[in-house]
Amino acid sequence: MPSFNFTSFSDFLAMGGYGFFVWLSFGGSIGALLALGWYSKRQQQQFIQQQSGRAAREARVRQQQDREQV
Amino acid sequence: MSHIAVFRATLERELKLLARQKADWVNPLLFFIIILTLFPLGVGAKPNLLREIAPGVIWIAALLSVLLGAERQFRQDYRDGVLEQLVAARAPLLGYSLAKIAAGWIGSGLPLILVSPLLALFLGLSAEALLAVVLTLLLGTPLLSLLSALGAALTLSADKGGILLALIILPLYIPLLIFASAAVEQAGFGLNYQAQLAVLAAMLCVALALVPIAVQKALKLNVG
Amino acid sequence: MLLSARQLSCVRQDRVLFEQLDLQLHASEVLQIAGKNGAGKSSLLRILAGLCEPEDGEIYYQQLPLAQSADDYADNLCFIGHLAGVQPQLTALENLVFWRACFALKPADDWALLATLGLAGLEDIPCQQLSAGQQRRVSLARLWLTSAQIWILDEPFTALDQSAIAALTAHIAAHCSQGGAVLLTSHQPVDIPGYAVREFMLEYRW
Amino acid sequence: MFKWLDPYAKPQVLFATLLWWQRGLMPLSIVVLLLGTIWGLGFTPADYQQGDSYRIIHVHVPAAIWSMGVYAWMAIAAFIALVWQVKTAQWAIGAIAPIGAVYTLIALFTGAAWGKPMWGTWWVWDARLTSELILLFLFLGVMALQNAFADRQTGDKAAAVLAVVGVVNLPIIHYSVEWWNTLHQGATITKFAKPSMDPSMLWPLLICILGFALLFGALTCLRLRTAILQHEAHRPWVRQYVEEQQDAKL
């Protein structure tokens, strides 16, 4: 494994004077990827909530219909 | 039922409609001229500045006015149910869409070419530049009509069709815009621009071969 | 058996309109599809006309699945949907000329045909100026010109007055007598002189 | 042809396979990405010319490469959907397009952040950045078209046609922008292509490129599973899956 390139952690943060740009782009990219993953996961959960709501609604309608027939 | 019969019948019908509904081809033309008058007002009327931005301005205005006219191309037939019956009878849609695109070009592309001498006046174009404008419009506007017809066919049954049509088709106009305005710019400097015209012609041929198939597919899926 | 559908199912916006639906259409028969609004009558008709694919199931034209027989089925089909298919800015005659080129209709004396349909004097004015019923008659004029054996008509009697309904039912009867088949939907009771109208009920699924 | 692919056209089988793939790919892609970025950030020597700002390459280049790659994958799915009428391929377009849009956005964003120290401005009409921007418009166009229809099926098919048309236009746009760039600006100061790199710098970059690929795979599995559920909502196996998920949560 090649050696650690920076003497100290603060030096690592400074990134040779370009720290702002480097961390901005890395932070931004990881943020965007996390947002995409979270959004996709939430989309799926939202669908499951909707569907179970629908199933409950259908059950209610069926009960109502059975009560009318009786 | 052959393609030629449907092509001729549709073209005849479209030309009758164009004759009866003058607005279909007058509005895009007026829109083109109005946009051209906006630029000097916005950018300032210094002659050499205008001459420098003229190629881009002319082509952006042409591009937008063809796009404006495209949205209604298939919508009327879709709403009346003509398209539905053509698809149900598996009539040759290729002939139909080619005729529609040709009529669309006559309605929105041709007037631009006829009015281009007016541009020379407005933007102080030299004679060679004007010739280049006419040549590039001659090659470019059919390509514009093809692509905008594809956009119109794709967004046929979409509810907010207008803006969506522009959003999906404008990126496809970019190569045409680049080469056409470059050709006019070269002509302005008195250099020859055969290369750019050749590229435009090549793009037109490719589009003429591929786009009608996509239009046919788009019409079928929108009716289904 | 001209047209048959097996195990058809159709889904619109996540709502199952119908499932495992079987249907047969025989020569010289009139089949009426009845059902409440939203039961999926029009969707069923559009699937049978080959306009859109069903979710599952298969349609057979003379025992051949549509995948192989689509073209000759379309040649032998005349579909008139909810929409009249009439271009408002054109006159009735121009519409007929356009249809003749697209649908390979028989050449005929259009003026006489439009007169029999009660459109005498309205042949050469833009259809825009005709009433809905008159526009409907213009679109139905195709039934007098088509050589197709199967007719699929989506609510042909809407906006028609008594005389037009009588003319249409007589024409359907004549068509069936020559071995034609008609599949239609209608809200009013349909009686074709000389033919028992078979009814196919489409239940409304919540 | 491709008979072995047939079972995967059936949504339920595909759904289970995608779940299996996703469970494997998601952690793997995170590990590979972490390895690549940490190695690239901390354990490689600085570039003699650009100093440490070159480290942005570990995010910019994979995103730029894969933005084109994702569009190509979307176009393949669209082609399969249109030619062989495979429903699951149609649904894949709606699943893949947002991933491509985010990758392109990352490529643009990191390209601008990298360009600021080198050229002094955030945005330069450089050939690669401009065609990346147009690629973003193509992705957004496909996404907008897909959601513009009331009927989900029509939206998927329209997006498929646009994806195929787009992929035909992609090289034309790329080379015309490239030509346009040389015409108006002459070659940009520093060739924006990957600088010739010695192996110690190359390895982390390759790992990052692999990481982005795996992440694309994992996200596609996740999003395609959602699309399958949405399109097959009326099927009994979906209702059963929804109940299972509901009980699992209680």
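Letters A, B, C and D name the chains as they come in the text, with residue numbers starting at 1 for each one.
Here, contacts are C-beta pairs under 8 Å (C-beta built on N, C-alpha and C of every residue); 3 or more make two chains touch, one makes a residue touch a chain.
Given the structure is predicted, the values throughout are model-derived calculations rather than measurements.
Trainee: When A-D is set beside B-D, which has more C-beta pairs in contact?
Mentor: Taking the two pairs in turn, the one with more contacts turns out to be A-D.
Trainee: Averaging each chain's C-alpha atoms to get its centre, pick out the one most distant from chain B.
Mentor: Chain A.
Trainee: How many angstrom lie between the centres of chain A and chain D, each centre taken as the mean Cα position?
Mentor: Roughly 17 Å, centre to centre.
Trainee: Averaging over Cα atoms per chain, report the distance between chain B and chain D in Å.
Mentor: About 32 Å separates the centre of chain B from that of chain D.
Trainee: In angstrom, rounded to a whole number, how far apart do the mean CA points of chain A and chain B lie?
Mentor: 43
Trainee: Can you work out the whole-Å distance between the CA centroids of chain C and chain D?
Mentor: So the centre of chain C lies 47 Å away from the centre of chain D.
Trainee: Give the residues of chain C touching no fewer than two other chains, as numbers and ranges.
Mentor: Residues of chain C never touch two or more of the other chains.
Trainee: Hey, what residues on chain B touch two or more of the other chains?
Mentor: Chain B, residues with two or more chain partners: 224.
Trainee: Which positions in chain D are in touch with at least two other chains?
Mentor: 150-151, 233 - these are the residues of chain D that touch more than one other chain.
Trainee: Taking the touch rule as given, give the residues of chain D at its contact with chain A in the complex, in rising order.
Mentor: 37, 41-46, 51-53, 55-56, 59-60, 63, 98-99, 102, 105-106, 109-110, 113-114, 116-117, 200, 215, 219, 222-223, 225-226, 229-230, 233, 238-239, 242-243, 245-246
Trainee: Contact residues on chain A for chain D in the complex?
Mentor: Of all residues in chain A, those touching chain D are 1-6, 12, 15-19, 21-22, 24-26, 28-29, 32-33, 35-37, 40-41, 43-44, 47-48, 51-52, 55.
Trainee: In the complex of these two chains, what residues of chain D are touching chain C?
Mentor: The contact residues of chain D facing chain C are 150-152, 233-234.
Trainee: Enumerate the contact residues on chain C facing chain D in the complex.
Mentor: Residues in contact with chain D: 11-16.
Trainee: What residues on chain B touch chain C, complex-wise?
Mentor: Contact set of chain B toward chain C: 1, 5-6, 8-10, 13, 16-17, 20-21, 76-77, 79-82, 84-91, 96, 223-224.
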